[in-house]
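Here come two complexes built around chain A, the first alongside chain B, the second alongside chain C.
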Partner chain A sequence: MSQSYNRGLIEDFSRWREFEAGMWAWIFHKFTGWVLIGYLFTHIAVLSTAIPAADGATMMFEGSQTDVFTGTIVSLEGLLLVRILEVGLLAVAVFHMLNGTRLLLVDLGVGLEAQDKSFYASLILTGAITVASVPTFIAGAF
Partner chain B sequence: MSTQTPTQTEESSETDAETDVPSKGDERRDEKRRRAAEKRARRQAEEAEKAAADEETVELKVFRYDPEVEGKQEPRFDTFHVPFTKGMTVLDALMYSRDTYDSSLTFRHSCRQAVCGSDAMFVNGGQKLACKTQISELEEPIRVEPLPHAEVEKDLVVDLEHFYDQMEAVEPYFQTNEYPDGELEEQRQTRENREKIKMSTRCIWCSACMSSCNIAAGDNEYLGPAAINKAYRFAMDEREGEDIKQKRLEIIEQEHGVWRCQTQFSCTEVCPKDIPLTEHIQELKREAVKNNLKFW
Partner chain C sequence: MAERYSSFESGGRMWLLQRVTAAFLLVVLAFHFFLLHFVHHADEVTLAASSARMEQLSYYSLMVLFLVTATFHGVNGVYNALINQGLTGTKRTVVKWTLVAASVVLLFQGIRTANAWAGGFPLL
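The block that comes next holds the complex of A and B.
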């Protein structure tokens, strides 16, 4: 789909362009979409440790034999980086959901005049939910 | 005729003078030319001085490029200081710059009242109609550039051939197979239907939307907001009849038709005539789905 066209000299000339709300919404939606796809792969990798765990595979965790699945998850949750990334993941997922709802309304032709306001609303709501989630995710991490 | 008579007498008196001293006419013309050039130079200097001294001036940074003149082939920005007057538009400032400082400054303009659609430009990072953009609403210095995603011909003039091709691809004219009974009957439109297509008829083919569209920039086959709006104007016109509407829907629901739109709303934001372009594209998407959906 995306190709580059030779439109002469001017297109090589870098230009600053002002983005409006709809454009930002599109960029954020694309970005969060790709992040969620990337997360899906790590998600599958972690959850797939349940298969050897079902066959009785164990690992050494904090001095005792634990099954692989529990061991993997608990050790990952012990990392500060993972805790922080989880907050980011929530923010990304919440924005993608809220903006997805906004796009659904746009596709139905509902409230197109207020599309910029609904974008700002989804941003603010994402921020609020993310902040509210911090105690849950970070508790005991430090 | 009456306006020509005095000229003729003037000419005859001139020839009389020329018979006395044959070279006098040439001399006088040379003198006149020299004086005009002097006057122009003096006026330019005066205006520049006045503009510099005047507190209320606006700084304009204008994109310059001329492929035909050596030394101007490298794109550059020229700065012009224009005395501000109340109600001044970007086009006014450009015309002042051209008339006062540099007569080679090139841009399209015609009606100066947002009707002809000639002077769409990239002003301070957004596609704007220069004649409709108030200087007082812009931040200084004002950057004036040619429209993005089109080849620049010279200075602020871009090649709009591709845009016109896309507009013509949707057959932007009224077609119908359904005629009223009497030969002299008018093809009447209901008030409601007129109201429905009202906004879409306001397009002035300025190409601002096409230039702002991210998708059109990456996909040359995409019809673009203006062309789809044109298709909407006729597809929604009830007088055209069902079979013509079917033909129109087939054009707009092609691979590079309405489905390429990703609702970035850039076109709706830049449209100088406030046409709800995205809304029209979305409505045509729904029409296309309804057209192809079968429940049996």
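The block that comes next holds the complex of A and C.
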């Protein structure tokens, strides 16, 4: 049987030195979750340029008229800042997915005794996948 | 008395839905990232290529289901996080219906966008 754990207010950041793996996993999962839902709204807003584009709306892009969807996306992808933010988004998504898998397994009764090790594995794997993806995400930005 | 901690009411319908959508999103989000960043590159996006994908009923259905499950999982996650931080009473009701309204707007706009790409609901 697991122990009840009164965290107090998570906002009491002075307690961070006392946090164990499970607490960091909880904090990172909440943080990445907030980023992902925020991104979903932004993503749909940007992709919505397909609506006027499908009706024939165009914009000037690199000296010629381009449909407003293609022009918006390719313009954004031309910004180094956007490429760097995309790498950040990948890191956030990969961590949320790996840690989420860990949570699903624990819910199914698998790996509770190794929950700290699986958190560290999630972190390391997130780092490895993110670093390995950098060349693909940055390609053509310079 | 020791008890199992969860921010959810364990065993509830929403608790289960949060986990079922999580399992679905694990697969589809990985597919989405892989297809649109590794198979195709984000800086090579065109309206024509997006339309060609969305005109296929299988892809359109998967993306609409992806939108619905991601919206539910994300908004329900935010709601649970806020309840976990002590949100109760009238504030809880206001937050709940604000999140429901935001979800409806997101789904409406997302499906409008999908239909713009597909030129309407794809029948084939």
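FYI, the second predicted complex is superposed on the first by the 125 of 142 C-alpha atoms of A that agree within 3 Å, B and C clash if a C-alpha of one lies under 4 Å from a C-alpha of the other, contacts with A are read in each partner's own complex, and residues count from 1 in each chain.
Here is the rule we use: contacts are C-beta pairs under 8 Å (C-beta built on N, C-alpha and C of every residue); 3 or more make two chains touch, one makes a residue touch a chain.
If you're wondering where the values come from, they're calculated on a predicted model, not measured in any experiment.
> Classify the contacts of A:Asp107 with the two partner chains as first (chain B alone), second (chain C alone), both, or neither.
both
> In the superposed arrangement, does A:Ile44 touch chain B (first), chain C (second), both or neither?
In the superposed model, A:Ile44 contacts chain C only, not chain B.
> On the superposed three-chain arrangement, identify whether chain B or chain C touches more chain A residues.
C
> Scan A:Gly56 for contacts with chain B and chain C and give back first, second, both or neither.
A:Gly56: touches no partner chain.
> Between chain B and chain C, whom does A:Pro135 touch in the aligned arrangement: first, second, both, or neither?
neither
> Touching A:Gln115, do we find chain B (first), chain C (second), both, or neither?
A:Gln115 sits against chain B, while chain C stays out of touch.
> So, does A:Arg17 touch the first partner chain B, the second partner chain C, both, or neither?
Touch partner of A:Arg17: chain B, not chain C.
> Intersection of chain A residues contacting chain B with those contacting chain C?
Common to the two interfaces on chain A: residues 1-5, 9-10, 103, 107.
> Please output the residues of chain A touching chain C within their complex, sorted ascending.
1-5, 9-10, 30, 33-34, 36-37, 40-41, 44-45, 47-48, 50-51, 53-55, 67, 69-70, 73-74, 77-78, 86, 90, 93, 97, 100-101, 103-104, 107, 133, 136-137, 139-141
> What residues on chain C touch chain A, complex-wise?
Its residues touching chain A are 1-5, 19, 22-23, 25-26, 29-30, 33, 37-38, 41-43, 45-47, 50-51, 67, 70-71, 74-75, 77-78, 81, 85, 102, 106, 109-110, 112-113, 116-117, 119.
> What residues on chain B touch chain A, complex-wise?
So the residues of chain B in touch with chain A come to 63, 65, 67, 75, 122, 124-126, 145-146, 148-152, 158, 214, 218-220, 262-266, 268-269, 276, 278-279, 282-283, 285-286.
> Please output the residues of chain A touching chain B within their complex, sorted ascending.
Going through chain A, the ones touching chain B are 1-5, 7-11, 13, 15-18, 20-23, 25-26, 103, 106-107, 109, 112-113, 115-116.
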